[in-house]
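Look for chain A in each of the two complexes below; its partner is chain B in the first and chain C in the second.
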Partner chain A sequence: MFRLAIANLVQNKTRLLISVGGVALALTLVLFFRAVFDGAEGRLTVYIDRAGADVWVSQEGVRTMHMSESALPASVAEEVRAVPGVEEAVPILYTEGMIEANGSDYIVYLFGVPVGAPLGGPSLVSESAPEPQSGQIVIDHAVASEAGLGLGDQVTALGQQLTIAGLTSGTSSLVSSVSFVSMEDFAAVRGGGDVVSFVLVKIEQGESPAAISSRIAETVPGVTVQTSPEFASQERKLVKDMSADIITIMNTAGYLTGLAVVALTIYIATVGRRREYGVLKAMGVRNSRLYWIVLVQALLTVGIGLLAGLGLTLLLSAVIPSFNELIVLSVSMNSLVRVTAVSAIIACISALLPARQLAGLEPVAIIRRG
Partner chain B sequence: MNLALSNLFQDKLRFALSVIGIALAVMLILFLLGLRAGVFRSAVIYLDNAPGSVAVMPQGVKSTSAGSGQFLSPETVDTVSSAPGVDRATPVLAMMAIPELHGKKQAIKLVGYDPAFGGGPWDLKEGREPANDGEVVLDRVLAGRHGFDVGDSFSIAGHELTVVGLSNQTASFAGTLVFARKTFVESVALAPGEASFILVTPAAGTTSAELIAGLRSLPGTNVLLKSQVMENDQQIIAGIFDQVIFLMVAAAFIVGALVVGLVIYTATVERRGEYGILKAIGARNGVLYRVVVSQAAVAASVGVALGIGFAYAAGWLVMSARPQFLVAIEPTAIILTLAAGFVMALAGALVPARAVAGLAPAEVFRR
Partner chain C sequence: MRGEGLSVDHVTKRFGSGDAEVVAVRDVSLEVAPGEVVLIMGPSGSGKTTLLLMLGALLKPTEGSIMLDCLELSALSEGKLPDVRLRHFGFIFQDFNLLSALNVQDNVSIAAELMGISRKEARKRAASLLTELGLGRRLRFSPEKLSGGEKQRVAIARALINDPALILADEPTANLDSSHGHETMRLLREIAKTRSRSVVIVSHDQRIRDIADRVLWLEDGQFKEAVIMAVDPVCGMAVEGRKAVSAEWDGVTFYFCSNGCRQEFLSSPAEFIESSAVTSKGLA
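Presenting the complex of A and B:
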């Protein structure tokens, strides 16, 4: 029966190709959209992961960096530094702002870090200067490449013309990238007095981040203290909470389209083979066996479509960044498992319609009609 | 045409499935474009409803979409307010915040304004504007989702806030508007007397262009038309959304074309005999192409019409279930989709047309 199902399916190769193509594209829609979000999420915590801090201190109630603003009196850095077990406490300024590079605007997470700070500065600098001095900026390689700029060229950030002194890498996503200026330049244009955004803490050897985190929270008033993994986890939760609805909407649209394509394909394949099914029925084959054939065809169509869709998404993930480095796509196992499970359900639902047709077949009449 | 229709309608269930397939692809295209238009509209809803036609921004700042990290000093606010040709200056201090409401992080844009100068909620559904620090007007949709009513309270950046009013038209996927007194936002942002931007209404007899020319000499500022700032805000959103949306629209378009192709191909192959007879009695390929294209056009037309209906239904459904999403299906998007449907039909008819063209009449009879 399995052979019959395959033979039936592959007999008309053009039809199979069109239907597999339809399923593949519908599932690509789902996989691609998810890959864009997963890619952006992977880059979201890149600064937190690379900053070298064990503990992050922010304004009370501020638990995230993305789309958030934290303002602390600069004196908080000294208060934190005085907490037993703290080795280094580095204040930084942060904003989600814009840089204008060669006539184009780019959203950036802009950090102002004290010159010579042991924490929080640019990492993975792919070229030249390790950290920006006054009048300088370090931007992501992808942004520089997109804008056609390099070291020594000028961009506008914080309303100032700044010279590109270095390039980071691996911090860009569809939404933003990471840039660094000197704390001095940042503070000069921010206004509002002696304010910092976060204090990055390096703990002494042998101390636990959680214990120091609690100790700072007990000692310094008006702050929220989180370990680096906690802070990164809050960032991921933000993206998850914000994107959950839109991902559900897009997934539903993609799955429904896939369902229609598979249902259409299986229905056409089954109805086109009515005569053969009639003969099988006349030979005494039960309806349940015929349903099985239809189900196998549906599963095969969806299976091949899923593989093609995955291949297409992986191809897009490899090709798109070479045209636009700002788009990072990441196909996760979690997304793949979910799409596979839903695809199997789609195949089963698609097999239902022709099953009704098969049940209603009258063998003799069919054969007579030819 | 009769042959095309009878061929197409021969199997009604197949026709229905094909129309649904095309309709879903069309719905997806229209829905994505509607979502994009909705995000664009939401991005500028505050500026669109706020007073003034000129915006004074900090130096180098051209939009309100991202936090600039820069503020206008209290002196600049005073200078703009008393500048010649200014009827009203509305200083606004806006900041993003992510409170956690019922276990879910919620992006809000806290708009600090002074009721004496305007810039607050323009459509108050219930309650009143904030009279003291610590009072806020919450978006009606956000309040509904979290069961907040006038008199309830929640916390932002360690400050307890009481809801004193609910506003309409202020929901947004990327940052729902919450209105507070400017002095309160100043205390949260540690920016006393400062402003993110100033919206300026020209005095009678002064044009916006004249006002901009007059204010341009102010140090540390960037003076633009408010409409230009709105355009810049939308361009930033476009930079984020468009590449993904257009790739998805392209995929949906190809799916639609494949569905048309699959249906018309099957209908054509099933009727090979009839097409062979037509060829044998002298019908030219052009006639047969017309039959194939007519079938594709009919399937695509019905699918597109249904897809437009589906898109409106999906938009309504999404906006009812998740009112923070605005799905704005615009006439230009419909025209674009109609054109896409027509191209889908033509593309879908290519393979079946080739099958018909390759038919050898004698061979058909021999089989």
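Presenting the complex of A and C:
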């Protein structure tokens, strides 16, 4: 029966191609969108991951950088530094805003970092100064490239004309990028230097981030303390929650398209062989064996479509960033497992309608010139 | 040796009920011995196919019983019928009904595989059977590459591979030319005799009467005595010779269902004469 299922499937190669192609495109849509989202999500916490901090201190109740505002007295940095086990405590300023570069606006996560700070500064790929001094800015290489700018060119940020002093890599995504200015310039815009956004903490060797977090929380009043992984996790969760509906709609659209393509193809293929299935029933083949044929055809169609879709997505994730560095695609195992599971469900659902046709098929009607 | 063959005892099949009731087969009894070829003929709508479907355990009779080799088919539950059909019957259809996606050998071997025989053994049996039927060089062919006669031989091989007690053929020559039709029927007769199978054929084809051991005429759901029946050369209806309207032409007596057919015949006898001559020969 398996052989018959395969033979039926490959007999009409055009139909098979259309079916597999339809499934592949639908699943590519799902995988691609997921890969774009995962890629953007990976870049979302790039600053947190690269800042070099073991612990983040924010205003009490503030657990994320997005959709919240953290304001701490500048003196908190000193208080944190005094906690046993803390090696370094660096205050930074942060805001979400725009920079204007060569006539275009770009959304940025803008950080103000003290000159000479041992952590929290940019990882540069090219530079004219080791870190942004007053009147300077460090922007992402991809943004500079898209804007046609380089080192020494001017951009507008925080309402000031700033000179590009360095370029970073891997800090941009489809929606935003990371930029750095001097703490001095950032504080001037904010009207003084007595407020900071976060305090980044480097702990002494041999200490545990969780233990130091607890110690800071107990010692310094009015703050929320999180380890770096906790902070990054909160950040990702927030963005996931914000984009969950869009992702769900896109995934549903992709899955439904795939389902429609497979269901229609398998249904047409089954109806087209109605007479042959009727003859098999007359010969003594049970309905369950005929369902098996249809299910195998659906599973194979979806399976081949899934492989083709995966191949196409991997190809796109290799090719697209070379055309646009702002788009980063990341095909995760989690995403693959999810799409594979849903594809299997699609195949089973696709086989239901033809199975009903087969169940109702009377060999008598076929033999009577059906 | 095979068993006791087919025994049909006072079988009736009704469809619908009340005013809409149609009696397709009415109180039919029939015995077919192993090795016997029975041809059932009759006009369209006479109940031939309904009877064949009941003999093949595809329809249950409303009344009466059908026994095959001591197995009472009419008493079996629906759940058991597929296995019975697979093991005890070989079906041959008018349109061959081969599986277009499979090659000739696989079309035959699949029936054996369904019985639980290994693929290797099933293919071996299929190849042997097809070679016996003259298709040894066509094993890998797609059905669409075969002639009508070859397709029907593949269908016969498929019907035979599970060594069934009863072979049921529904209009097996309808889509074949005269030579292939005759060849097919000769083959069925040979199978019945050499393998001791019961063969029941339903057909309109007058050309195949010669190969049957018995010819039965079914009309209005009942068998009519063949010895006293004649076929109206105009409309094909079976008529009782002694009661029918008749006319003589060229020294032969022809029987008609009505004066209308008689007048139509007399207006142009040559148009009907060839088939009626064959019919008269067979029925007389």
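The rule we apply is simple: the second predicted complex is superposed on the first by the 355 of 370 C-alpha atoms of A that agree within 3 Å, B and C clash if a C-alpha of one lies under 4 Å from a C-alpha of the other, contacts with A are read in each partner's own complex, and residues count from 1 in each chain.
Heads up, the rule we're going with is that a residue touches a chain if its C-beta (ideal position, glycine included) is under 8 Å from a C-beta of that chain, and two chains touch if they have at least 3 such contacts.
These numbers come from a predicted model, not from an experiment.
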| item | value |
| --- | --- |
| A:Gln11 touches, of chain B and chain C: first, second, both or neither? | second |
| Contacts of A:Ala260 with chain B and chain C, given as first, second, both or neither | first |
| Contacts of A:Val285 with chain B and chain C, given as first, second, both or neither | second |
| Partner with the higher number of touched chain A residues, chain C or chain B | B |
| Chain B versus chain C as contact partner of A:Arg3, first or second or both or neither | second |
| Interface residues of chain A shared between complexes with chain B and chain C | none |
| Of chain A, residues touching chain C in the complex | 1, 3-4, 7-8, 10-11, 273, 275-276, 279-286, 289, 363-364, 367-369 |
| Residues on chain A engaged by chain B in the complex (per definition of touch) | 12, 14-15, 18-19, 21-22, 25-26, 28-29, 32-33, 36, 59-64, 66-69, 71-73, 93-98, 100, 105-107, 110, 156-160, 174-175, 186, 189-193, 195, 222, 224, 234, 237-238, 241-242, 245-246, 249-250, 253-254, 256-257, 260-261, 263-265, 267-268, 271-272, 316, 324, 327, 353, 357 |
| Contact footprint of chain A on chain B as seen in their complex | 11, 13-14, 17-18, 20-21, 24-25, 27-28, 31, 35, 58-63, 65-71, 73, 95-100, 104-107, 155-159, 173-175, 188-192, 194, 220, 222, 232, 235-236, 239-240, 243-244, 247-248, 251-252, 254-255, 258-259, 261-263, 265-266, 269-270, 314, 318, 322, 324-325, 351, 355 |
| Footprint of chain A on chain C - complex, ascending | 49, 53, 56, 58-59, 81-87, 89, 91, 93-95, 97, 99-102, 106, 110-111, 113-114, 119, 170 |
